[in-house]
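Starting off with a structure, shown below.
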Amino acid sequence: MDKMPAWADAVLVPLISILLAAVLSALVILAIGENPIDALELMVQGALMRSAGWGYTLYYTTNFIFTGLCVAIAFHAKMFNIGGEGQAMIGGLGVALVCLFIPFPHWTVALLVATVAAAAFGALWALIPAYLQAKRGSHIVITTIMFNFIAAAVLNYVLVNLLRPAGAMDPATAPFPEATHLPTFQDLFATADNPLFRGSPANVTFFLAILACIAFWFLMWRTKLGYEIRAFGHSESAAKYAGISPVRITVVAMLISGGLAGMMALNTTMGEAERLVMNATEGAGFIGIAVALMGRSHPVGIFLAALLFGFLYQGGAELALWTNIPRELITVIQALVILFTGALDNMVRMPLERIFMATRRRNG
Amino acid sequence: MTDTPAIELKGISKAFGPVQANKDISIRVMPGTIHGIIGENGAGKSTLMSILYGFYKADAGEVWINGKKTEIPDSQAAISAGIGMVFQHFKLVQNFTVLENVILGAEDGPMLRPSLARARGVLKQLSEEYELSVDPEQLIENLSVGHQQRVEILKALYREADILILDEPTGVLTPAEADHLFRILDNLRSEGKTIILITHKLREIMEITDTVSVMRRGEMTATVKTAETSPEQLAELMVGRKVLLRVDKVPAQPGAPVLQVENLRHTDSHGVERLKGISLEVRAGEILGVAGVAGNGQSELLEVLGGYADATGTVRVNGSELPLAGGQADGQSRRARGIAHVPEDRQTEGLIMPYTAWENTVFGYHRDPRYQSGPLMNNAMIRAEAQDKMTRYDVRPPNPDLAAKNFSGGNQQKIVLAREIERDPDILLVGQPTRGVDIGAIEFIHQEIVRLRDQGKAILLVSVELDEIFSLSDRIAVMFDGQIMGERLPDETDQTELGLLMAGVTEMPGGDPIQAIDASLEDKEAREAEQHD
Amino acid sequence: DPALIYDLGGKFDKSFNEAAFNGAEAWAEETGGSYRDIELQSEAQREQALRRFAEAGFNPVVTTGFSMSAPIASVAADYPDTKFVTIDGFVNPEEHPNVLSILFSEHEGSYLVGMMAAMASESNTVGFVGGMDIPLIRKFACGYAQGAKSVSDDIEVISNMTGTTPAAWNDPVKGSELAKAQISQGADVIFAAAGGTGLGVLQTAADEGILSIGVDSNQNYVHPGQVLTSMLKRVDVAVQDAMTQGADLETGVMVLGLAENGVGYALDENNQDLVSEEMKVAVEEAKAQIVSGEIEVHDYSSDDSCPALNF
Amino acid sequence: MDFATLLQVLDSTVRLATPLLLACLAGLFSERSGVIDIGLEGKMLAAAFASAAIAAVTGSVWLGLLAGIVAATFMSGIHGLASITFRGNQLISGVAINFLASGLTVLIAQDWFGQGGRTPSLIGGGRFEPITLPFAEALSGVPVLGPIYAELISGHSALVYVAFLMVPLTWFVLFRTRFGLRLRAVGEAPEAVDTAGVSVVGLRYAAIVICGVLCGLAGAYLATGLQAGFVREMTAGRGYIALAALIFAKWRPWYALFACLLFGLLQAVALRFQNIDLGGITIPVQVMDALPYILTVVILAGFVGKAIPPRAGGEPYVKER
């Protein structure tokens, strides 16, 4: 029998972990001479109490859903994909290439093709680490970290030497043509007398992210492939016994993972900047790790965790706007969340298990 | 001799989460005696000894050594109390030399050189004294299991242990090696050392021990003098009821050859050749038993036939050849060819432990179109079928939604058997079918295997239990060092002959079995060490 | 109240952004007013910060760095009553009448410090370490080389760029290594136009006992007696002016050169022993000639080429 | 390339290899004990900040060094708590530490110094000064060997020599002492160590502390030796390169030295030569920048022989499931 009911492991443990992270974060804010309550209020105000705030929160959430799912599928196959960052960068390159060089009649077509391109480029970038892991046993953590750096160099070269319009200073492509611009929430929901989501970058890719969550669930829990990926993740030797090829699962899972990371670029590149800039990913690939961990690699959990991080990001931006708290506070909060939900989770789980065992024994 | 016990345990209890592994156990062992502990798998023997050695911490109870109450919070304390232990699963550092393993934790000072020098001398002396010869500079990973066990014993002796605990030491040994071990133990006893010997082989208990304790389901059911008991009585104490350890079966009616293996060779990822030209044949309606000490290629044979290790040679099923490497050589293609496989290790191979029972009932067959509806899996149907199978195979509890890890070993094995047998295969590969399974379930599993044979299936049985091999097989092949040393009919051979074959000895010029075995094993080690570099 | 948005390099880069900060501080001190400022965290924040400040009624909204011009162009129309200032950036004044683009004639200031470098050099070799390899920085380098060549025809000007991404503004280790490399090639005066990276250059120059030239802000104080001078880019003045004008800010395009005192070189007690009388005279003379048009310093960004230096 | 330039590049190689080497040896101790450490980057960063901050405040580089060591060891302690005591995921703990250091250093620096996450520039006693080895001046005239001695070997700061001395020291500790034997054993088979009566937890914490100290040296060297003060993210991926070097070195001290020198050389070359012209083909600077990473992948792919990590690496030691 398990030591603890499943719901406690899925809900109680992360919740308490987050609480601990929050308490420590508050202490950090106190230590730098600011008031944590005020800070929280400001964050809530700026991120959740205005439609434009939501527009930013959901924009970040979209990024984190994609990278969270990216990390999660690799987790299911017992791999640790730290390369979401690089895969998203290269995915952005795919988006930029199709948007710049294919004359699209309408944004829907553009989105469709760009999605395929983003996923394909991201997947491609995950392919080499995946192949090396599967065939040569090269540790995927190291190779994906290296591929992040290499992706940055590739993007750098392409932007600086190939795609930068003449005379421009930024390492960035030219703006994408009008027809590829995605409708933002403002375009979708604002009316003349009710300017909802004004100026905020959330756009239709948010719905794509939700679709990805649903597809992810079906894939993992309703298809042969998901069955095999999870089986492989639980026991490689058993998977081999059953005729599930480790090479195939490793590669396929990483391709999907990279594809999901690549699709994140749709949001930043096509949805927001409407051109490809050097630093479009901004660490979202790493946040995906925390999101997947907190969300227990389940799409519902990932959605909620992504929302939390979206809130943190937007709230943090508001803090930087209206107070003197440096932007790195958000990095510290992220670190604490990752630490407590990911690495120190047993610190919460062990006493909880003891409590559950004790109550069970008392009840018979 | 005094009447102060060397070891006295009082009221030891230990729970692992919800599993009560030891319940209020007390035991007294006199100095200079060999005390046996028997019990089924999972009875709590290893747990009890690990507590005595400080590896686990008891929830309750006391340990008395030589009449003094002794706290044993960790292994360090046990060692200083003069206790040495040879674990069921050896605790050796694989890429260290014998010497380094021996001094680990018992070094003389902060520098290694003097410790190593001294240990070399002591080891030489011990080897001579107790016939425990091993090359001190050899890496552990190049040693056979038998020799690894010697290293474990040397480790304990080097620490000047007066009390030696051996946890199922003979499980990995050939009968002759086991005899040799018992000679050593006899030596040690005559020097006044106290020995606790864990085993579930009644023959061994009767042969060497002075007293014996029986454990069942975490409890100590009896302690008796060996001279005053019988195997039948011990078996009854062990299981709690009278048992019949023989399988009822009619003589085989072998038909056409179904599985034909010729010159099968396999090299593992370290570049060591594990199968060195295996040839065998299994006919319809017969059970071919493959005997051998663990680690002589039986696992690899099953892996190759089961489709998850590449090999060269030829394998024919019903006359047509199987691909042995490449895309078509995988478990699912083998299943499509009518080969079912009950793997040696149900926990790491046969089942996905966190998966529910119903998910496990299609493991390996999950791509079968029968279980699909469109692009999705037809979970409702799989679950319904699972429910039915579990009832028929008497899996307890018959709840398909429970995760596999929540079933006991015997019931896990039934789930695997149900899955593999229900597919009506032509060939059944079975590895260690009853390892870690209690006697009740063993009866059931043996009956199922024989029933399948009587339906005209070809069965390849791999087991390290000679008893099991004898009682199920229609023919016995013995493997040693990746080769088949010979084939015998169960009626025309005995344990001694098989035991020698298992050690790679086909003829004995000198007439001393132990010398012959040692020579044979050292040969093998030298070959492997060479391949390793 | 005015608001100020710093580029990704951050407020305290001792150089470009810090000059803006100093200008704002000076304004606050002089007028007793208050302003809001922000260091950006991410690309998406550029627009956000502009909008949030505009919505909250800050006016004008001053920004530093060329990267802000694109976001301003897309936001400005939504807030017609707010004045935006982009320093180093360019926004078409026809399309966006509420934007002021401030550009500097960095090549002119660089020309002057190039002359000083050449005069101070004993090895007849001077160095240039740029930040990110963009036309703007090449403009610095080109002006510098022209100035140096005007003093000594056969002088060798070694030029290196730190990188091709914004990270190049903040890599002092690389700055230091590049400086060492240039020193080993004989350079004994090095001009660092590289933001935070430049601090590594100045440090190494000081450690190795050669002279360096700072940029944007007056960096003479960083290593007193070892920084020959600093090429001033009066971002501080620009910011202070914009803030002083407040909501009535005059928009359009403004180019600040030597004539407007928008660029120049720094002279203070930290470097008075390094700058000889002769040097001062020569530089002042050249300055007058540039202002009068007698000397024309070639602007790299006008045609992406440099007569005095190969990139 | 002429001799002087070559010397310059090699000199720069030594400087750039030093932090890599210290971090690599730090990782070696940790991973040999079975604790995987991708948090080297964060520990170095924390140490860089702490050493620069304290050196700036006190004016003493030695106090700074001490502070750096304390900071990195503290970070190590968190890693130990997560991965040894609470048996958490070592990779995730490492990632968290990298984030934590990246954020905290700037946050504290800003709070203390108000210079945008920078420490004040270190002057005088706040920095490690180059040490001129005996006779460097006198011998510099000797052809070939003279300049090599005077420019390449002499004239580095104390921590450079410490780093290079650490290599034989590490080798000695690992392969010639009781502690080393146990440390190697605990990374291979912790249960063997446990049953031999030696504390697994104790050994691993010891390794983690050594790792912290060495990371402390690495970070302090960056901020007070190589540079004169802390700037945000000043480690710039060196922790990851050190990790790559560790794998390249197959977890062995002497190999680690060569791996780090190789990576140092690559960096030195990339720093000095922007676009390398190879007979008509220009290698863009981005390729040079990415070269250490590409090389790591190539190495990992096994073209240089398979690297077998310590067997128990990454697995928390759990006796009772």
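Which chain is which? They are A, B, C and D, in the order written, and residues in each are numbered from 1.
Keep in mind that, in the parts below, a contact is a pair of C-beta atoms (placed from the backbone, for glycine too) under 8 Å apart; a residue touches a chain by one contact, two chains touch by 3 or more.
The chain lineup, named per UniProt: A, D = Nucleoside ABC transporter membrane protein; B = Nucleoside ABC transporter ATP-binding protein.
Quantities reported herein were computed from a predicted structural model and do not represent experimental measurements.
Q: Where the contacts of chain A and chain D overlap, which chains show up?
A: B, C
Q: Where are there more C-beta contacts: C-D or B-D?
A: Output for the comparison: B-D.
Q: Between chain C and chain D, what is the gap in Å from one C-alpha centre to the other?
A: Averaging C-alpha atoms per chain gives centres 35 Å apart.
Q: Quick one: report the Å distance separating chain B from chain D, using the average Cα coordinate of each chain.
A: 46
Q: When the C-alpha atoms of chain B and chain C are each averaged to a single point, how far apart are the two points in Å?
A: 76
Q: Measure off the straight-line distance from the CA centroid of chain A to the CA centroid of chain B, and report it in whole Å.
A: Centres of chain A and chain B (C-alpha means) sit 46 Å apart.
Q: Can you tell me which residues of chain D touch two or more of the remaining chains?
A: If we look for residues of chain D contacting two or more partner chains, we find 117, 232, 286, 289.
Q: Which positions in chain A are in touch with at least two other chains?
A: Residues 152, 156, 160, 326, 330 of chain A each touch two or more of the other chains.
Q: Which of the chains touch, listed as pairs?
A: So, checking each combination of chains, I get A-B, A-C, A-D, B-D, C-D as the touching pairs.
Q: Which stretch or stretches of chain B touch chain A in the complex?
A: Chain B reaches chain A through residues 17-18, 306-308, 330-335, 341, 343, 345, 348-355, 359, 363-364, 366-367, 372, 375-377, 379, 403, 406.
Q: Touching residues of chain D toward chain C in the complex: what are they?
A: Within the complex, chain D touches chain C at residues 4-5, 8, 12, 16, 114-118, 121, 222, 226-229, 231-234, 236, 268, 271-272, 274, 285-286, 289.
Q: Of all residues in chain A, which touch chain C in the complex?
A: Listed in rising order, the residues are 52, 56, 59-60, 152, 156, 160, 167, 169-171, 175, 198-201, 268, 272-273, 277-280, 282, 316-318, 320-322, 326-327, 330.
Q: If we count contacts the way the header does, which residues on chain B are in touch with chain D in the complex?
A: 16, 53-56, 74-80, 85, 87, 91-96, 100-101, 103-107, 109-113, 115, 155
Q: Within the complex, which stretch of chain A touches chain D?
A: The contact residues of chain A facing chain D are 28, 31-33, 80, 82, 128-129, 132, 136-139, 141-143, 145-147, 149-150, 152-154, 156-157, 160-161, 286, 289, 293, 326, 328-336, 338-339, 342-347, 350.
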